[in-house]
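I've put the structures underneath this note.
You will see chain A twice below: alongside chain B first, and alongside chain C after that.
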Partner chain A sequence: MAKWGMVIDLDKCTGCQACTTACSMENNTLPGESWQDVLFYHEGEYPSAQMKWLPRPCMQCEKPSCVYVCPTRATYKDEEAGGIVFVDWNKCIGCKYCMIACPYGVRFYADEQPLVEPDIRDVYPGENGQMWSPPYQNPEQDWRRGIGIQPKGVVSKCTFCHHKVSKAPDGVADLDEDDPDLVEYVPACVRTCPPKARFFGDLDNPESNVNRLIGDKHGVRLLDHTGNRPQVYYLGAGAGIPAFSPRKS
Partner chain B sequence: MNVLNALINRRRFLQVTGATAAVAAGGVGLQGFSPAAEGQVGRSTSGNTVVTKSICHQCPARCGINVYTTNGRVHAIYGDPGNPIANGKLCPKGHLGTYLLYDPDRFKGPMKRTNPRKGRDEDPGFVPISWDEALDTVAERLNRLRESGESHRFAHFYGRGWGSSDAGLYGDFGKLYGTPNSAIGHASICAEGSKRAKQATDGNNSYNAYDYRNTNYILNFGASFLEAFRPYNYLMQVWGHMRSKSPQTRITTIDVRMNPTMAASDRYLMIKPGTDGAMALAIAHVILTEGLWDKEFVGDFRDGRNQFRTGQSIRPARFEERWTHGIADWWNEELKDRTPEWAEQITTIPARHIVTVAREFATTRPAMAIMERGPTAHFNGTYNGMAIHALNALVGTMFAEGGMFYQMGVPYGSLPVDADDYMDDYAREMQGKYPRIDMAGTEKWPMAGTMMQETAKHHLAGDPYRLDTAMFFLTNPIWSAPDPHLWEEALKDVFIIETSPYPGETAVYADLILPEHTYLERLQDSPTYPFEGWPMTALRVPAVDPVYDTKHFGDMLIEIGKRIDGPMGDYYRELGDVENILRHRAAGFVDNPGDNGVNDFESWKEKGVWYKKPYHWRYWRGSFWEWDGEGYNVEMSEADVGEKLLRTPTGKFEFKSGFLERHAGYIAQEMGIPENRVGIIQWVEPVHTGGGDLHFVTPKTPLHAEGRSANIPQAQAYMQPIVGGRGTCYLEIHPDTARQRGIADGDRVRISAEVRGERKSILAVARYMPAHRPDTLVLPMEYGHWAQGRWATAEGRDIKPGHSGDITENLSDPISGLASYYTAKVTLEKA
Partner chain C sequence: MMPEKRSGKPGLEERYQVVHPSEPRLRIDISACLPARSPLADCTACADACPASVLTGTAQGPQLNGDCLGCGRCAARCPTDALRVRGFPDLPLPDEASPRIREVDCWRVPESESRADTLRVPCTGGLDATQMLSLNRMAGGEGVTVLDRGWCTGCPACGNEGHPAHEAIREAGSILDEAGIPRHRHPRISTEPLPVRVAAKTIPEGKLESRVSRRGFLRRLGGEAISARAQLTGSTTPTVSSPLVEKIRPRRRLRLYEELTALTGQGHTPATLPRFSVSETCQGHGICAALCPTGALRHQGDHGTRTLFLEATLCIACRLCEQSCPEQAIRVEASVGGEANTELHRLTELRCRDCGRVFTTGNDSEERCHPCRKSRHLMNAELGSVPRIESTTGEGSR
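After this line comes the complex of A and B, so read on.
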């Protein structure tokens, strides 16, 4: 089985958030439930300030702290699925321990007050146990892997678009959206990224393009000192991301 | 343990696992947990997913899209890999298109107003009617106007027209019906300034096509390359290419605020609003004094010795110009004193940076200087734009590899009928009898193609006349024009026909609602905006049957036309419908198959796009060459270049503009420039409106879908990532500027400006952004709707800012007519 990895080149990323909206529509997340988000930072002052940004999916950690703290084993790492970390919505009790344990802030508990009002969950009320049921939802659904629209009271997160990548032919080194035979298996965020700043492939295959990029461009993993060992690598000058400091206001 | 007890008591948990017993057993009943048989398991896309070709509707990029529909429901939109602009990619807006299809606030069918009073807060009292009644009502009005000889009092207004199947129908409609107002376009509240700057210098009244893939240097003046410049999606793709090719394309960006383009460039310079022209002139000054201009394009001193010295005139006879006109006059009358030190005083950009940029730009080839609304949405916009565009002539960019060109047209087949054969005496009599309601092209706005923003004023004054009936298509000036309150007054006594599928501000004043299809329901062609020069036209194919009782705008026009008395009705009966038009257009592909094999209507529908490379002209080392089917093998004569490429009065790139000189009297009167100087590319002071002390800019962010994202909750969630504007937009302000006014980060503020002599204000919440200029406030234009749907108008927990248009004076560049959206100066106080 492949070990799926993602590479994000911050020298090419334009901060456009297409990855974010592609993910939100593919996975029918709520406004603000950003499985894939782009975080902006600025430092310094006019006329020499810098601004940079960081697209951030779930890191699908090799040593996922979220998994270790989950009291119900709802969160689990599936080596058979390429090392993707899933939430089984049939088991999750919404205790949010995993959200606290994750160093990257990529888990969501969507039962809160809505970010954008009026609440879209009132506009498209849930059916068949779903938290909300918009008319445009993706037919793909698998609650054991946190795919589709969640029920109330569970934690949700990026699935590396398992419903797509799991259908890729066995043994493929990279899922490149420019290959017409593979485009439908590429995660939504990678597939749409306009400057082609995102890459997806097999980290266990030394011949894969993702490994070559990590090698050539000195890929780094975020917060490596936590020991979580992400399966997402960053390239480029922007990869030294400052510590997050919440706004005072 | 309490926590767990509380959690375990969740209703869903009880339902799914029947865990009541576990709780009773002491709260540690997690061992009783097993994969729940009742829980939902897998469900997958079945074989009946259909992929349809269409075109995104949310900006002028016109990206080809693949629309995924399963069981009649659209659930995904991705870029079409076969479309040369999309290349399988989309910008953040593209994916959100399904929201526009399933917008719960859409109009469900045609309606008429029952409340005769009009106002923001008046309920129109719409009642549903049939399409026949709706179209008959319109036709009756139009026939009546014609009978009384007043057909000029009917006007069409449009914004984002697409092609020959909608906006392309206006011309013939106006001609046959007898109105000069078919149609008033929105270009003058859009980006007309750059077009006029190009017309005045290289003779092409158009946006440029660009060869970004092969350029090595971009000098970007206020084109929001990574946020809103067209075609946005493609620009990001080519950005990825430029930033990883060898040699890497170097990019310098000049803008008035911190933004992603600035941040991602190699160098950014934050200029004072409205002064880009001064910077461009100083760059030209350095290029000339240092002898760095392209001698093959511009020419050279006859003796080969550079005589451009700061402050000193040259003898015109000593310079032999090649493909340009007027360099000696430009230097002697203007440029010789436009030093970097002079420009520093005006722009606040240090002279040493200007020198560095000038040297880098002129010694890295191919190079291009690009611009859009930033420098041109000011009183001096055309002159700013001309100064910038002149840099392209100085470094030999025009029509060169890695340079810029103009867009070729599509070889469409002709329509089955010719409108000239269906004009009656009345229609002929009306031709040229009345000016347009906006007075574009009259002595009032002689160089403007359209002046939509003047309409309300003219109607209210009855000068040149009052409108009777107006039909709106994809434009909403009652909200988006500068000083929109005037439109509210004006539209009260005009019979308004609104065709938007969404309940926008125009609809509140409408007498009839004729809702068109949303874009995923339409069959519609869309020739490209200037892209890479070679011709291209894409096609929308309906992904689903219309969700509601709506109509294609083109079919509405045709159906109204059929109901007009006289030969006009016959014309539209012959024309048939939109599909018939498109079939005739596609007939042009039979002899001109596209590169992707598209050669008729059916293959166009299947592939979604027709295009044919290459571009037909190329400048190379001093000469122009034309494509002969195999290569750029035919050298062009000067006359040929003047006719096809540099379409100015002299057939050269004009540093001294013949186009402006033709209107010398007008320009002298409106701008105070001596008549004998109007043709010179020169520095003109901006005229700032508003009467305040802080510049106010209102950019489009990447999520701004031309007014329609206001009702897309997902777009609002990501509207302004720079300062954390999620679900709202903040006023971005330098902390020093805020503190001087006692404003803390997160405080509510009041932004005020003079509009028509009255003080107008909007509210917003301030966020500190130390990267901005201390003299410039930034408020992305998006909020402040008083219609457009539940999300657009909601008062949520987050305070949303008011509408920037409310404090924007209606002042335009006298040459291009472009509204000066970015020129206001405002005052700011804690609210």
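After this line comes the complex of A and C, so read on.
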């Protein structure tokens, strides 16, 4: 089985948030609850301050700390599905331990009071225990993997668009949106990326484009000191990856 | 409770799957196995009870590695009835017509040696205290007799603590003592030796349940019919209930209360119910109730309050609540001395002035949620004596 990995080239990323929007449409997430978002931040001080940004999907860690803390084994890493970390909505009790354990902050529990009125959950009230029921709904539904419109009281997260990726032909090295045979299997954020800053492929396949990019352009993983070993790699000499600097106390 | 129990039968049989393909007698309902449900559970009751030491408790439930004897001692010890061993009958409830049973014998004894009115089970050690009480009731006035044929202590299914049924009989005896039943009406072990050469070498394997009661047979048949009908009508839509995680029905414990009701007219006594305490550090997360495998703990919110209820008759004292509480607020004080239904803790629901989230507190004059209070404290500590932090925010921000 493949080990799916994503490569995000920060030199190319323009911070346009098309990935965020595509993800929300694909997965019917609540407004404001983006499984994939772009963080904007400042680095340096005036007069050389820089504005930077970082697109942030779930890292699908090789050693996911969220999985170790789950008291019901609801969240699990599925090696059969390419090493994607899923939340089983049938088992999740919404204790949010995983959200505290995740070093990347990419797990979500929609209990916030919305910042703008009216509450979209009241406008499109959910049926069958679902959080809401938007006018457009992706027919894909797999609660065992946390795919579909989420029910109340569970944690949700990026699934690397498993409902698309899993239908790709066996042994494919890369899911490239430019290949008409494969375009339907490419994760929504990768497919939509206007500057083509995202790449998706098999990390176990030495011939894959993602492996070549990681090797040639020195791909790095976020917060590598935590030992979580993400399956998402960042490239970028100019834009730079936010460095870890231990807090001075 | 009881009508539900009967209509709850369909599906129950199909839930039980063999632990290992080589051993058809030992079956498990994995959804009811505590360590399979939660990594916090450290239950190894079945592995500890196994006289042949072939069961090991793992995160996927018990694993069989070796030759199972089929004695049923693991099933008798399982707190959630997750294990079943073939050959042990469903005993009738107190209000059901029950055949008269005076003696209990094991399958190794040739059938010709057992008298009439004898219940034959694979091993008498596979009966628990509740089943002993049921059998005692079925025996009528003088109490049930578990036969010791003289070879039990040498039997591989015995372990090393005397007669296999000793523990269950002692437990049943102490319950009966409390109910004021005189000693001569308690279950007892009686030695009626037979020569070892007539004994089957091991517990016979291929034997079908010879003494399934007609009622039990019909009930099982009815259950299958109902589940078949459910399949036909296609009721496969995911039925969502809150909470999503299915609770286990602690059948053995409820059965014990039914037997006690039949004995004394009063189901539970303080001696059978655990006592809980919840300290003031409780924040009302409700994780204990969400994790509670039997639904004994219930977390309810209405009318601006959130309340933690305990239905102690369902509690199996697995202590998952203690282990899961992030505030370490809930404690199982003792396994006895509790009340049936208690309100353990009540908190008020308020809306935080800073972040607008609903939070719970024991103090009605609190204005901000715990995280906001914490960040305020941090900010004050960082900025020292800047007094306006307390006064400016909050008012009119929402």
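One rule holds for everything that comes next: the second predicted complex is superposed on the first by the 230 of 249 C-alpha atoms of A that agree within 3 Å, B and C clash if a C-alpha of one lies under 4 Å from a C-alpha of the other, contacts with A are read in each partner's own complex, and residues count from 1 in each chain.
The rule is short, and it goes like this: contacts are C-beta pairs under 8 Å (C-beta built on N, C-alpha and C of every residue); 3 or more make two chains touch, one makes a residue touch a chain.
Model, not experiment: these values are computed from the prediction.
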Counting only touches as set out at the top, which of chain B and chain C does A:Gln50 meet: first, second, both, neither?
-> first
Of the two partner chains, chain B (first) and chain C (second), which one does A:Thr226 touch, if any: first, second, both, or neither?
-> neither
First (chain B), second (chain C), both or neither: which does A:Glu112 touch?
-> second
Which partner does A:Pro151 contact after superposing on A: first (chain B), second (chain C), both, neither?
-> both
A:Trp143 contacts which: chain B (first), chain C (second), both, neither?
-> both
After superposition on the shared chain, which partner residues are touched by A:Ile93: those of chain B (first), chain C (second), both, or neither?
-> both
In the three-chain superposition, say which chain, chain B or chain C, touches more residues of chain A.
-> B
Across the two complexes, what residues of chain A are contacted by chain B and by chain C?
-> 71-72, 89-91, 93-95, 113, 128-129, 143, 151-153
In the complex formed with chain A, which residues of chain C make contact?
-> 37-40, 59, 237-238, 240-245, 285, 287, 290-291, 324, 326, 351, 355-358
What residues of chain A sit close enough to touch chain B in their complex?
-> 11-12, 14-18, 20-22, 24-26, 31-32, 34, 38-40, 42, 44-47, 49-53, 71-72, 88-91, 93-95, 113, 115-118, 120, 123, 128-129, 134-144, 148, 151-153, 163, 177-178, 180, 183, 188, 191-197, 247-249
State the interface residues of chain B toward chain A in the complex, per the touch definition above.
-> 3-4, 7-8, 10, 12-13, 16, 30, 33, 35-36, 39-46, 49, 70-71, 73-79, 81, 88-96, 98-99, 101-102, 104, 226, 233-234, 236-237, 239-241, 243-244, 258, 260, 262-264, 269-270, 702-703, 713-718, 721-724, 726-727, 734, 744-746, 767, 769-774, 790-791, 794, 796-797
In their complex, what parts of chain A are in touch with chain C?
-> 70-73, 89-95, 97, 111-113, 128-129, 143, 151-154
